[in-house]
């Protein structure tokens, strides 16, 4: 059988795969002139945001205090341009109307991007408390610099705080892509819809899941493998889950949850409570309580 | 000590590291003219397969229904070429005989690649059911598009289904590299040997392990951290594990397994059963059963 | 609102973000002429080390036994240059004195790099035992080649052994970045400070955490999701954790720990002991013991 | 002098270079949202056009007659997209009005790009005659394939014919950039405004200059270093040259011009005439004439 | 007119351009599994050859005398692999028979590549004389290093000497591509068929043309714009030029030709002769003669 | 003959090529820690300088008058860093003493780089006159923007003016590499040592050569192929050319030289003189004169 005898097989597969019945629902029809969300551009956006928030640790490392304004200025301008394009892509992606990616949406995208940028100083203030919490909570940490450079929690929380801000500003799709990028990088999966206070830290982090409607107070610390999930969710008349119902836990200030613990449903873990590792919690935990796994059998 | 005084140390290390005794068993002898499996090429293969299956979401985003045939055609041809080369690399890698990467093997590789491509329409049909299952099972999902673009489960299951198909066609090594690529990207580790039905979904996914001899029915849902593993395995007369014995669980249709549960050994979790989080299951679970962890101590 | 009307918002954000009060503690001041640790260079270093240790599997795949010396020679020289630069970056990063990245430090960096390279033959010998352990411990493994090419454990343990060696040689920061690179790639988080014997293996691996002061014997095997962590740690008079106190477990020879088990504190798991999955261990486990989770409720 | 003492010098230079008086006339003010002509995109456009015209020699080399439509289809679609963007950039670049890069211009750009593409079959027909002329005219040429792959004339003439077509369609700036790209690559400088017949060839080519208002018949051959230039040009009342006046030579069918000859002004070199090398011609040359340099002195 | 209305135009162009009549003679049919000459690979080949011949100036600049063997060894091995592939591509390109790229040709390609490499020490010896000649002949040259790093003549002559060697070894097409690469880079066009002695140099070089059947002695120096071309060439019965007839000049030892001189036909410029600039020479020049242009008119 | 039988040939070539006798004079010994001039870095330097001088035309095209300072600031800082490194490389390259690349040289390099940057505003002022001259002198030019974007003369003259400035500041080697980069790109070869006034322009440009000791006034215009060269040069007692003697022409203000003219030796072309094309000038030309070639023979 000469190599050419495969051509028929390939041609037939091409024909079958090009039939519209075959790709229905799996195909994103490109509307001419509309930008599409781009993983590459969103990576650049995260890199720029990190470079602006933590100057010298990310992005151009030659920045010094005398040239700070130049670097922040160029990065902010570029961030604005990239964000505007991606927000526009998100707005068009979500809309059903083919002709909808209009001048109005372009202006809205630029306006949202500008509002996001005006929130960056506040974002930096909160992330500074997260860095402090990670440093104070880990005897193995030697400096803020080490925490910023190495700790996956800082990357995951940075992406979450950026994505959460964009979600609040009404941007579709993009926030979720941003947190999934951190999920892939760190194994920490924080839904952009969650609300999380200051001084938040996650140790090691792989396997952590924080659901869409979680509310987390200040000074909370999670360990690797912790799930803050939904227990079950009501279905609508068609048997589809109803979207948007509060279904994830509330963790009040100063809560600690140890590794691989699973906390499910709209329950409250009260202030200063501690949840031990490898356990399954589906009921409220009182403030100050400390719950642990039953003893193992030997 | 001038920089040059280190030359002696380096030269000595080079000599020691170049002795054949030192690298025995850790060295892949290149046989001239034989291709080697290439991580870069396998990445391209996955990108192409995703672009063919989900047009517009992966690969060239400008495709529209009028130019679909051109894009599918070019992608299928390139996929065929890359796959033929990598399958050949896999075939040669596994064979002991130095001179074995022959014209016959090259033809076999092309033939396997063509058969794989003829399976793509069916692969797309099954993956469409996985997308549907992910969408239906997650109140946080807004559209099929979001599921295809963002959900790590879709990436991991795509790689698994591609790798499983190649394994069935007799390709060595390559399937495992493909699922490990998804493992690194998503934290979901599915062995290409597992058999998995339609409408399969994994929520969040980090830490999921699905072993080589697992059999999974239709409509099964797993959460993050679930292990479907082996309990123990018989050793041969040399104390080495015997390869290929069924040793992983069977999950029948509609089973749900919650986060961090561990199911071990050749046991059966019956139809419609639910396994709670953070538990350790080593015995059959009857159809329709619901098992959970004992209460935590407060 | 024309696009230009956003300029004022951006300019104001730039001014705010450029105030030194705003970035205090989050900013790495670049001292002119001093190199900075570079993620890109450290990736190259790991690639080179893997290419030297496992020739033909990583790096230039065309190496054969006749050209081995050329390839090892070029790779060792390049590794020496890159390592010297990165070690210097680590030494300067850690020092408070702005003018401290001196000729003396440059010479120290070169000397440390040379000593690291002289340890490579020994590193290869130990990693060979890890490959053997992974192969022997997994019925799904078909060859050493498959283990070296595909198994995430080999990547994580390689990075750990390289990082541990650098830590012993007194290099700051760099070792941690190297193990975090493997953490991101594999979901396995091994602190470079841990001490680990030969024939070490980790199955699947996602979610494994091995703390800074762990001591692990020979022939130890861990499964995915295992934590070897600290239970709690003493604080100093300022409420900050005291650094460097032994606070992680000791695992003696031949210990097996199953998936998602959590072992906390400076306890000892004795020789030949087995720890079952999904359990929480905070007390010594005697040699030869086998502890498991209590039965799940149906 | 410490490195930091240079900061003042740099800051002062930055201030001076940022004053609007300093960069007046040398600065292209970016109007938000308007694309700019991109050298990178124009390179891609040329590569695509070459791949479409000479399939298998440029672009994806794996094309065969069975997959031709797929490749041409994808390339034409991509060429249309890139050209539309660049033509739009050209249209906006030239217009004085800041707000002018409008929907209307975007539609015009797409329309021009489509018209250009509909001319590609004719472009290919003419370029085929150029290839034939180069092959027939050079005893050193072994095959059409060698001429297409190696001969700089084919690259320069391809760029010229593409640029000329765009110029006729009313595209500003872009045609000139395209011919200057070939000028840099080959040393052959053909102004896109020149009109050139079929079976045109240039041997070696370095140093050839063909001016804006040249008219060249069929079967013309030039050698390296030939200039078809303007002798002088009338100035307007401000002493500026008047644009657009015919001022370059007319070469009728079958003319040959040998190396380094210079032909200047709106003169006519008649049918079948031959112009010898290294001479300076400023008057009409009759049909069939043969002019040469006076003898050198020994 | 909506953007989609252009689809018909594009589709029609695709159909027209995909008809086999349209691309006849301009299309390189890819025979499956056959490599094609690759501009990228040939660039790498030239880079490697330069790195081997001039160590430290091209390629890896960190080479020192202690690590020379490692670098030369790796570069020679890689050069052998790349050359074998490209020579094979050249052999297959030229053959009419579709099935001809066989094992026999592969072996021939490897054999030719090996013979080329065995000629490298001699190539280096001759190029050393060219470097010396350039240095001695230019008062502006400060060191051999400057000549090797900066002078376009060295690049053009290196490519020529490599290409000439391959031509002698019977490799088709590739030699011409290699000299055209230098032509594009330097404006110096030397046909690989020319025979050139030692101590050859070209000052500035742009516009120099050296034809296929030129014979050049030792110690010859050319200036920019010099043509050593054919005067005319006999046609065969079909009116096509007869290939391979000696038709370019012979320059004996110690000849100097000044800028823009044109020497045409199978004439001989005798030993020690000097040809002035901007003249046209079509008859023999006696040994030791000095010919110049007639005086310009004022 | 199996592929392996070539190993002996390769190994022997490696040995021969690694003998120090073989590479003597062609080898740049790397002194550890010393930077080497880098073609890549010098390209970046030219790109940065162009972006600073012509904002919006080169480099980041999104710059507008409100963000000008940020862009100039970042570019100037980066230019300073890159230049310092390359100037240092030039200083070390030229010095014979192996240990000479010292802290003193590093400080000198930074000081020279700073002085160069302080000259940028003046460089821009002069280049603005060159742009104006090109625009005024070419009826085919439509705007300053077209001249800056497309005209090879602007690129060549920019590189020359940068290189000349560095030469005046005492930097070795680097200036020549910079002008040779433009030579390769444009075919215009201007030695960095030449002195050239304002409002300088070159039309088309391929083949132009301007020698080391040329002196060119204001408002001078050259056409393609013009040589301003040396006639002959005195040799020292060893038969080597004596370096640094004035040996190239002086062109006074407002001189025009037409295409392919060759002007040789330390002669003066007086104010307002015109030199016709294709002629050879070796004697002074009086102010206001107009010299042309004798008539061609028909």
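The first chain written gets the first letter, and so on, giving A, B, C, D, E and F; residue counts start at 1 in each chain.
Everything that follows uses one rule, which is that contacts are C-beta pairs under 8 Å (C-beta built on N, C-alpha and C of every residue); 3 or more make two chains touch, one makes a residue touch a chain.
Predicted, not measured: the structure shown is a model, and the values here were computed from it.
> Pick out whichever of the two, B-E or A-C, is joined by more C-beta pairs in contact.
Of A-C and B-E, more C-beta pairs in contact link A-C.
> Tell me which chain's centre, taken as the mean of its C-alpha atoms, is farthest from subunit E.
A
> Measuring between mean CA coordinates, which chain is farthest from subunit B?
Farthest by centroid: F.
> With chain centres taken as the means of their Cα atoms, state the distance from subunit D to subunit F in Å.
Roughly 25 Å, centre to centre.
> Using Cα averages as centroids, what's the distance between subunit A and subunit E in whole Å?
Averaging C-alpha atoms per chain gives centres 56 Å apart.
> Quick check: what residues of subunit C touch more than one other chain, meaning two or more?
Touching at least two other chains: 3-4, 14, 32-33, 62, 67, 69-70, 73, 77, 187, 206-207, 225, 260, 276, 278-279, 292-294.
> Where on subunit E is subunit D touching in the complex?
1, 3, 6, 9-10, 12-18, 20, 22-23, 25-30, 32, 36-38, 93-94, 172-173, 176-177, 180, 183-184, 187, 189, 191, 193, 206-207, 209, 211-212, 225, 227, 229-230, 233, 240-245, 247, 260-262, 264, 276, 278-281, 285, 289-294
> Contact residues on subunit F for subunit D in the complex?
52-57, 61-65, 68-69, 72-73, 76-77, 80, 107, 110-111, 113-115, 117-118, 120-121, 124-125, 127-128, 131, 136-140, 142-146, 148-152, 185-187, 204, 206-207, 223-225, 258-260, 276-279, 292-298
> Note which residues of subunit C are touching subunit E in the complex, please.
So the residues of subunit C touching subunit E come out as 60, 62, 67, 69-71, 73-74, 77-78, 81.
> If you look only at subunit E, which of its residues touch subunit B in the complex?
Result: residues 4, 7, 11, 14, 33, 66-67, 70, 106 of subunit E touch subunit B.
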